[in-house]
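In the two complexes that follow, chain A is the common piece, with chain B as its partner first and chain C second.
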Partner chain A sequence: MTSTTQTRAVTLPAYSHGIGGRMAASMSTPGGAIFLLAAALLVATIIANPNFGDPGVIIRFLGRTAPIAIAAMGQYYVIVAGEFDLSMAAVIAAQVVIAGNYIGEDTSRNVTGLVLMLLLGAFVGLLNGLATTVLQVPSFIVTLAMMLALTGLVRHLSGGAADAPPNDDFRQMGRGVVKGVPVVEVIPYPLIILAVLCAAAVWLMRRPFGRTLIAVGDSPDAARIAGARVWWVKTQAFILSSLAATVAGVLLVGHAGVHPTVGRGYEFAAITAVVLGGVVLGGGRGWVLSAVAGAFAIELLFTLLTVLDIDATWRDSVRGVIIIVAVAVAARAWTRGRRTGSATPSNSGTSDPSPTTEPVPGTNTGGI
Partner chain B sequence: MRRNHLKGVLAGAAALAVLTACSTDESGADPGADETSDGASSDSEWFAQADFDQQREQMDATFEGNPDEPWLQYIDGPMTDTSKWKTDKPMKACFANASISNPWRQTGWITMNQQLKVLEDNGVISEMETRDAGDDDNKQIADIDYFISEGNCDAFIISPNSTAALTPAVERACETGKPVVVFDRGVETNCATTFIHPIGGYAWGIATADFLVDNLEEGDKVVALRILPGVDVLETRWGAAKKIFDENGIETVDYFTGANPEKIKSIITDEITKGEVHGIWMDAGDGSVAALEAFEDAGMDYPVITGEDEMSFLRKWEETGLNGLAPVYSNFQWRTPLLALEKIAKGEEIPTEWVLPQEPITEEERDDYLEANNGMPDGHYAKFGGEDLPGYPDVWQERQIP
Partner chain C sequence: MSDITAPPPALSKRLGGLTATGIVLIVLVLAVVLGSVLTAVEGRNFFSTGNLRDILAATSVLGFIAIGQTLVILGGSLDLSVPFVASLTGVVAAGIMAGETGNVAPALLAAVGLAAAIGFVNGVVVSLLHVHGFIATLGMGLIISGYIASNYQGNTGSAPRSFRLIGISFIGPIPVSTLIMLGCALLAILLLRRTRTGHHLYAVGGNPEVARLSGVRTSVPIITAHVLCSVLAAFAGLLLLARLSVGNPTIGSQGQYDLMSIAAVVLGGTLLAGGKGNITGTIAGVAIFAVMDNVMAVMEVAPFLRDVVRGAVIVAAVAVYARRSIDRRPARFERPGVLDAALQEAR
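Up next, the complex of A and B:
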């Protein structure tokens, strides 16, 4: 499953229906359907309360959701490689508290502080990755331990209480907006950062690294035989995940301020977003932008429940049911997609080094 | 393999659903999961009309003692005879603290440590052994039992984490026959030598709700941001405020935020979008700045707001010129337990229920408090009452948690 075979596969049936046909084909996969779900939730929210249809409100909502979408993108790299990262929320909290403590009011520390935070993020990811790949400890355990270690650090640094936010210049990244934009009034900086990261992610997933990452998640043995350095590819995925958490932390400290609870629950929200986006737990399938759409869908679901004034007692249940249904539908869609995809089911599937003979658009090919 | 794949997905989904369900209470991404139903606040568990009426009276009561030392003032009432504990020898104090996990407790903890230095120098207290329960009832019960069996304590100071759960442990401390000083949050027993607290949660609720009612019209909407459920001093704040809002036709919706500024901003942003919000009521000032920033980010006028005497709120209040009130849950009460031990060592009688003054900071007084606390960090509380202690103001400005 190298990049050459992918890029030359121009005559595949899925590509033979023109743009419209390809779009329709994409939307019928879980990775594409999540966009329809997000759109449906947005429409439902606007119907429930027309105030949410205001372009200025929508753009601000997208801006505020950017950190969780970025976290979902980071989690995507790890999940598509067949692992988990439970340390994300703790990384966010640690970065937020460090921003408050180290940078604070001192604008001259903004750049060094940011570099320091990114280095720390990369280091955490490196540790997660090496412990998972070289020491062969399940990532579930490794990242859980990392979460505990970082939570302890946060408690030590903050005493568990709020601190003064960093200076307003640093907060601009998470709180600033481009003013005077027609129709939408403003464009929040976090949304611009998210757009840039989305573009970078799409590019990265079309590079050999992205292809190898999916191959490693699909079948590490096959990837190893094909010459991939599995341990390094997975470690890079963990580094990307921690860096995504760091960026989310930078945006959140700007948006909200310094509190040890900032980012709490982000690891599960990100995993949920990735799964809702049709990315298969266990790795090997899924499109990065579907994870982003999954994050927006979850946040829209929360907002919809707020708008509908759903009784607090029932909110969690409603959300749980919706998530289970969405994931079950996604799982069914995958099996249907595979049945039509391969002409004859193979009995020797377990040792098949290349289980997908035909890329499904909008999923592991990054189509549309 | 195909079947296994499907099974894997479903198993993963089930696990995920469980995980998300477990994590939702604290989910930072969730703008409103913890909104309580409207009926909860009138729950009799957290609202007693007699206490409400009593605290309304106490708000106008005369306090005994020197007004320049409010941490020693009290409302006249039954006294505890402490002559049996009179001693010339320095006492070892054992302090079971609920936590220092919010700025209010951190400020008080710093003040308490400075007060301790004075009493150690005076030879009243030999040392104070402190155990921090980290907001955990079980940990605090274990801490108290440790103090009882192995602490070699001459006196206990307990700041309970929660009301019902800590009652038996406090009773066990009382059974040792040594002085027991309880302060801040209460317990369901009268066995303590003294229970030190400001007037209370009802008084907070009355002062804040009266202010909002005076400054709003009937039918206006107030969003109440609450930190956490189940703590008496916080529940009664809302219980009293909700009653007054309901009586005056103010529409309310309340949320638990865990003081998470991200969650607060999401809640407020959604509420502003749903419809006009005229007032913000906070059960503690922690996070009031985030709430106000949500109005700024949406390009809306500031609401009428009640925060707290935390510097971050007082500064924001002054900068923006908004219409607000800073209710006070007297932070200087953290000095009183140690001063109570000093009185016990002298054999002086002390109030059985030591009710300290509790007065909000109004707009007229605000600038005086800002000036008096100039240079203090954002998490500092204006009525911390440590101006005459050693180390002032550096110790509070540097805010090194002991």
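Up next, the complex of A and C:
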């Protein structure tokens, strides 16, 4: 009895360190380190090409990168739930072709077209999710089949040829800017959309849905026994992923023309960005903004390679090396992070200012 | 309650005698029957020698890659670099051969050695650096594709006639290439059933931690599987070279062999998570694809719509096994009411 009251009397602090300590600790996790990597790449690019240091240039770069960052965010929901979404590029292609053919020059169809595209995106996600959860087919196979089917359908309907882009009003979403902003001159619309989606994603991941999503990814059995509706949570993740692909498609229409190959390779690019952001394949670990930072880091790397005058053909090789090295280092870091609590706190003690950090305030807690 | 639960056990017991491979073989027979009927409707003979040759020849390239992919997937990994390995070995071998019969042996050695080295690196990165197979081989594929794009702009080299014979000779209705593929399948089956490495591969794929605690050196089977997978991808690349007679730097990625081989493996009843499955099912899965493609070609289905049919068939077929495994899982927490009642009582 007395012991009970005593334990109750001691209120555990919500955090073991001040904000600086927690920030330093999260920077040592893969999900935090990606921000450092992105910053380092940005500095390196500016050193290699001082023109890139101009705020106006940087803000336009961020605007161009927004579609891939949004796709990475969508992929994050699926990966953190322990699944894959390979159908992303096919969804983007389908949306782009719809924008070209249904909306076209008719500005009065802009709103209905957008609603139609979002509904189609949600429907594709619903199909992916239900086939994965209710039919118990591995998501890798489900979304691969969805990719085949959707790509085939889009190419069949469009004849595999390019179409005229939709009207300029619709394309404004992807290419428009807010003018007359101090310092940066302009703010591209895609960047605003990205910022809003980031804020929404952080909020969502702190809601019960986000918590359940991570729990489901970590251990579906435990989540089910704890009372989570695993099938519905996972299905929602797929819907969010397809919706993100839809938004990326809407933004891409502003830049690229209308062609069934728009968005090719986005699924692997998004998965790469997410994994580079320290999100673990298999689910249960990772922060959504780290995935976004991963997308920016990859695009910055490409910019740096261009600035350094490296042949475009070698880009893929460099990207491959970076992915493998980053994930190998991250694998080490997660393992080390897990072991600091139990047996060997000394091996990270030299670099980590807080060796007593037991639960590793990693990016999966959503806090800084 | 018992009335409701009675039918499923009976059904699962009836299906229980069937392994996943059995179901795949039944699906294959169904595909052949359906295919022959549909072909007959078009007024052609499914079992004509020419048609059988086409189908069997179509199985060989994907077959090689899918056998290797099965080994890797059984070990709980994945290999997305296979199309690039196939392209790379094709152009390298074509460059060394340069149309001379005397150069065939060194070209084959170089191609297989190169592929084995790539597979070794894959295996080491996956098993020792603990990088997920998806990422490790995606990265390796990107590295190779960058190398190919930088060094080979168009078709290179050429295969001598003696080498091209592999792609075009037949023994009866069976192409030699398919026979070689089936020989590789047989060797892979022997590896899995009769050798220590094969058994360890299943163990590591099922649960690496348990395998390690049981004294299995987990990296050895994984590295072996990756080396064999890359070597088999090299065989596929060499076969494509024999058929095309020039080295094409994009032949592998055009065929989407990475994703299609994984689809064939899963269609063959192998668990994507590893630890369960076999080569026979994979070969049947590859054959199902070949029959399906052949029938669609005979029926003149629009090329892009074929992908739609493929996608639907893959999901439908895999859903059948998945449902089956749910039925066979023993019911746990069948009556949650007991626990609730006990809790109520305690209060």
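Annotations for the structure displayed:
Assume the second predicted complex is superposed on the first by the 330 of 368 C-alpha atoms of A that agree within 3 Å, B and C clash if a C-alpha of one lies under 4 Å from a C-alpha of the other, contacts with A are read in each partner's own complex, and residues count from 1 in each chain.
Throughout what follows, contacts are C-beta pairs under 8 Å (C-beta built on N, C-alpha and C of every residue); 3 or more make two chains touch, one makes a residue touch a chain.
Model, not experiment: these values are computed from the prediction.
Using the contact criterion defined above for the overlaid structures, shared-chain residue A:His259 touches chain B, although it does not reach chain C. In the superposition on chain A, contact of A:Ile225 is made with chain C only, not with chain B. Once the two complexes are overlaid on the shared chain, A:Gln172 sits clear of chain B and of chain C alike. Of the two partner chains placed by the overlay, only chain C lies in contact with A:Gln136; chain B stays clear of it. Comparing chain B with chain C, more residues of chain A are touched by B. In the overlay built on the shared chain, the residue A:His156 is in contact with chain C alone; chain B does not reach it. When the shared chain is aligned, no partner comes close enough to touch A:Thr112: not chain B, not chain C. On chain A, the patch touched by chain B and the patch touched by chain C overlap at residues 160, 268, 271-272, 275, 281-282, 311, 313, 315-316, 319-320, 323-324, 327-328, 331, 335.
Contact residues of chain A toward chain B in the complex are 49, 51-52, 54, 57, 60-61, 64, 68, 89, 159-164, 175, 252, 255-259, 261-266, 268-269, 271-272, 275, 280-282, 298-299, 302-303, 305-307, 311-313, 315-316, 319-320, 323-324, 327-328, 330-331, 334-335, 338, 345, 349-350, 352, 355. For chain B in complex with chain A, the touching residues are 1-2, 5-6, 8-10, 12-14, 16-17, 19-21, 23-24, 26-37, 99-103, 105-106, 134-135, 258-267, 269-270, 273-275, 286-287, 289-290, 293, 297-298, 312, 377-379, 401.
Contact residues on chain C toward chain A in their complex (touch as defined above): 125, 129-132, 134-136, 138-147, 149-150, 259, 262-263, 266, 272-273, 302, 304-308, 310-312, 314-315, 318-319, 322-323, 325-326, 333. Across the interface of their complex, chain C is touched by residues 86, 131, 135-138, 140-142, 144-149, 151-153, 155-156, 160, 225, 268, 271-272, 275, 281-282, 311, 313-321, 323-324, 327-328, 331-332, 335 of chain A.
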